[in-house]
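In what follows, structures are represented as structure tokens.
Two complexes follow with chain A in common, the first pairing it with chain B and the second with chain C.
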Partner chain A sequence: MTPVIEVIEASRWYGQVVGINDVSVALPSGVTGLLGPNGAGKSTLLKLVTGQIRPSTGQVRVLGEPIWDNPPLMARVGFCPEQDAFYDQLTGRRFLEGLLGLHGFTRADCRELATRALEVVAMQEAADRKIASYSKGMRQRIKVAQAIAHDPEVIFLDEPLNGMDPMGRRHTVQLIREWGAAGRTVVVSSHVLHEVEAMTPRILMVNQGRIVAEGDVHEIRALIDEHPHRILIGCDQPRLLAARLMDHEDVLSVRFSAEEGGVEVATARPDRFYSRLPEIAETHGIRVDRIFSQDDNLQAVFDYLVR
Partner chain B sequence: MPIFDLSYRHWHGTPTPRSRRFLPIAAAGIGPLLRRRAFIFWLVICWVPALVCGVMIYLIVNLAQTQPNLGSSGLFDATEDRFFQFFVGMFFLYLLTSVFAGAGLIANDRRTNALQIYLSKPLRPWDYLLGKASAVAATLGFVTIAPPLALFLLRAGLDRGTTYVRAHPLLPFSIIAGGGLITITLTILSLTVSSLTKSSRTAGVALVMFYVFASALHGMLGILFGGSLPSVLSPLANLQQGLCLLFGREPTYDVSPLVSLAALLLMLAICVRVLWKRVRPVEVVV
Partner chain C sequence: MAQLALGPPSARMLAVIRLTIRQVLATRTTLVFALLAALPPALAVLFAVVRKVPTLHINATGFDVFSFFMVTYYLHVLLVVIALFYATALIHSEVEEKTITYLLLRPVPKPHLLLAKYLTYLMAAAAILAPSILLSFGVFELSDGAHGYAGHLRYLLWDLGVMALGVMAYGAVFVFLGTWLKRPVMVGLFFAVVWEWAITYVPGYFGKLTILHYLLSIFPHSTVQRGVQTLFGSTTSRPMAIMVLLLIATVFLGLAMETFRRSEYVLEQ
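Up next is the complex of A and B:
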């Protein structure tokens, strides 16, 4: 299969700091998850493949053409940045129409394409409100809308689910899967593994400026599951909760965390543990005020992988 | 086989040529300005001197029979000399117009990260800059070129024959070139300062400070070392020298107007270089 996105021995330095180090990767059409902890080089890689920065060495090609300084190619590419990039006084519709104008569409086409994109991201009702009044999730959806409004073949989404409510997340995940199934190429960056798992099995893991893993997410998940999963639970009766948790074989250790004010549990079967916890809390009248998985962040995944 | 609801139909139209891609950027720059009442009021103020001069022209032409000395009484008689004075007298209003129109244009885009989105579209940085420059230039042109040109046309229109036009054949070109020179200079300077910050207010203050500082430096060096050569450090002095050349006057400073224009050109070239460096989708801090 001909790769849609090719990064060939690309490196990018910021002065003496290496952003991306001699990366070579070829991505076919469909959805690819770009995963990496903060500072891994994920953003640099995304900036390279969207033509926002030029590689210090090597090449970056999209749809067979160099992406750097290639505006005609940008007409075939959609990009949703992580940061907000709005004029708050514009309405969502005006924002989209203005950006579509940069593609050279006529005013009537801009209106039509904006309306379609708003429908796709389920923002029709709020389309004529000022962006200043939008919630974080709505802003994210408008950003996604501007990335797809011109019907691009390749879509880059940088942390698109950040700040979205569960409904919005589910809708966006579904859209991304549909675009991938329709033959578009979608690259989604995220630092949350389960978000990417919901969109695609194909992932690209970046750490310290290099590609550390490429392939099926389930293989990575299996690797993670071989290691004890650490979960911090904040509650009003930590000793009672600890005693009850120790009754179960998959709980490997329990530690009281004075600084966090709760119980830190190590479990070999996090899925089973999560499904059992509400029942234990309800049965024994324990009020759980927070649950935090210290291993859900990707840094922990990388710690496992390099161990 | 799964059936997916794509809920999207492909667009099959023809996009406008790439050479016109700067127009939406220009429109996005001018639109918000024209929606501000304060700005419209400001533009009206900028036309007040031209209206006053228009009345003077009317008086001179219509009362010439009964009051032949009216033309030499200091009223605006639409000669090259008067137009030069008109331009120089309007400098302050031009500066403030460029601050109003240009200070926030790039600064606001940098503050809102809009550059990242703009340049992810089929748009070169030059298209973006041309759009922004068009927005400022159109606004500035409305106060630099349009009023004196209107005065020239008024004077020519009030003339019963073509005596006035034949006596001043190059005047309309001088007006357009003079106004154009001012417009281009102030446009590039205001956009450059705007690109250096993320706050339109800071950009506005910095722009005013730049003109004040450059003029003060020119004055100070002139006092310290004598001579007029330091005038090349002031963009306003250089503009004045350029106007002298265009309106056929003796240079205001003891420097060749060509040297002044060369200094101005160098300054603008540096500004364009700065703009080119600053207009990037991502700010790389090394």
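Up next is the complex of A and C:
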């Protein structure tokens, strides 16, 4: 598959600080999740592939062309920035029309494209209100609208679900999936693994300025599952549960967690452990009120991958 | 998917101008400038009323007072203040407000973007200064009974020309500072107050390093500075002054465009 976005041995420093270090990656069309904890370098990578900054070394190409200082290419690219910044005095509709005007479209075309984008993000009703009066979720949606209003081939979304309500999140996730299915190239940056999993199986993980994993999220999950998992179980009889769990060979250690009010288990086989737990609880009359996998978060994933 | 056809560069620049005008109109700065510009016409009306009071023996004509306002207020204060706060903000406010990303990720070359913003600044400055000057002139002339109106019209046209050149030259310098520096207003203020005002009145050739020197060289009204220049033989002819002002505007605008083209705006999250 021909890559739409190519980063070739690119590094970027901010003075003494490394933003990204010798990164090479090629992204095809469809949706790619760009994952990384805060400060991992994903914002730098996103700024490079959107042409906001140029690499200190290496190359960055989008749709076969260098992206830095290439204004015509910007007509084919849409970007939803993370920062909550707007021309607050404008209405949502005027904001979109104003930015569409920068593509040189006629006023009639700007109006039509803005209306269409507002419909896509379900913002028609609030379109003629000033952005200053919008909620965080509405501001997020209008940012997404300006990124897609000119019908770009490549869409970059930086933390697009931040501040959205559950309905808005679901709607936006659905939109991203549809854009990917329609053949667009969508790169979504996030620091929340399950958000990205809902959009795409293809992910790119960044940590400390490097790509630490690339590929199918399920493969990465399998990789994670090979490492010991820590699972916290809240129950009414922690001592009994701990004793019974120790009988199983896939349980590596058990620790009482006073502050969490339960038992913390380390297991090398989380899949097998999860299937056995209900049986143990039922057999011994233990009432389990919560199960929390402490490793099911992005930082833990990175800890595993860079270990 | 079908790619939408891009409009011509002129249409894209016009869109930048429209967007910038909306921003400029929404700022408190514009309101303050409008109030500052309303001051001379208001004082002109006051002058017209006061000189009719028989017990007050005012010898100065309306045109004399208008000349005084042109030198002390329009040229030395309002022109510089408008240029400083508008032109430095053209790019800098977009960076401060973090809206620059929306502009840079569009098919508008950065130099065109800056040029369109500079043109908007020229329009905004003209929209504030020209009505104020015209109105002041009209009221002061009426207070004189409009006897020398036709003869003074020549001065008015020169005044408008001087202000236009001043707006262009100062604007280019300040827009350059706005693209180059993180704190352009502070440096601009230093340039406007210390450099422009102080150096202009230093006898000798130092004055030629200021924009104000060239503006005063083509200024139609008599000024203290012109007297000092003549005394020390450091005057500049009108054609030369006009050329230098146009050159300053062109060079600094070019520098601003190139600086902006090369700049990266890495916004803090």
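Note that the second predicted complex is superposed on the first by the 231 of 307 C-alpha atoms of A that agree within 3 Å, B and C clash if a C-alpha of one lies under 4 Å from a C-alpha of the other, contacts with A are read in each partner's own complex, and residues count from 1 in each chain.
The rule we apply is simple: contacts are C-beta pairs under 8 Å (C-beta built on N, C-alpha and C of every residue); 3 or more make two chains touch, one makes a residue touch a chain.
Just so it is clear, the model here is predicted, and its values are computed rather than measured.
Asks: Let's test your reading of the overlay: on chain A, do chain B and chain C clash or fit side by side?
Replies: On the shared chain A, the partners clash.
Asks: Look at A:P71 in the shared chain and tell me whether it touches chain B only, chain C only, both, or neither; answer first, second, both or neither.
Replies: Touch status of A:P71: both partners.
Asks: Looking at A:G41, would you say it contacts chain B, chain C, both, or neither? Reply first, second, both or neither.
Replies: In the superposition, A:G41 contacts neither chain B nor chain C.
Asks: Once chain A of both complexes is superposed, is A:R116 in touch with chain B (first), chain C (second), both, or neither?
Replies: It touches chain B, and chain C stays clear.
Asks: Go through the superposed model and pick first if A:Q83 touches only chain B, second if only chain C, both, or neither.
Replies: In the superposition, A:Q83 contacts both chain B and chain C.
Asks: Of the two partner chains, chain B (first) and chain C (second), which one does A:G209 touch, if any: first, second, both, or neither?
Replies: A:G209: touches no partner chain.
Asks: After superposition on the shared chain, which partner residues are touched by A:F105: those of chain B (first), chain C (second), both, or neither?
Replies: both
Asks: If you stack the two complexes on chain A, which partner ends up touching A:E178: first (chain B), second (chain C), both, or neither?
Replies: So A:E178 only meets chain B here.
Asks: Which holds for A:G137: it touches chain B only (first), chain C only (second), both, or neither?
Replies: neither
Asks: Is A:G15 touching the first partner chain B, the second partner chain C, both, or neither of them?
Replies: Only chain B; A:G15 stays clear of chain C.
Asks: Enumerate the residues of chain A that count as touching chain B in its complex and touching chain C in the other.
Replies: 14, 47, 50-53, 69, 71-75, 77-79, 81, 83, 85-87, 89, 98-99, 101-106, 109, 113, 146, 150-151, 182
Asks: Hey, which residues of chain A end up touching chain C in the complex?
Replies: These residues of chain A touch chain C: 14, 43, 47, 50-54, 69, 71-79, 81-83, 85-87, 89-90, 94, 98-99, 101-106, 109, 113, 146, 150-151, 153, 182-184.
Asks: Chain B touches which residues of chain A in the complex?
Replies: 14-15, 17, 47, 50-53, 69, 71-75, 77-79, 81, 83-89, 98-99, 101-106, 109, 113, 116, 119-120, 146, 148, 150-151, 178, 181-182
Asks: Quick check on the complex: what are the chain B residues that touch chain A?
Replies: Spelled out, the residues of chain B in touch with chain A are 2, 4-11, 13, 15-18, 20-21, 23-25, 27-28, 32, 108, 112-114, 116-124, 127, 280-282, 284-286.
Asks: Within the complex, which stretch of chain C touches chain A?
Replies: These residues of chain C touch chain A: 1-4, 6-9, 11-12, 14-16, 18-19, 22-23, 26, 97-99, 101-110, 261, 264-267, 269.
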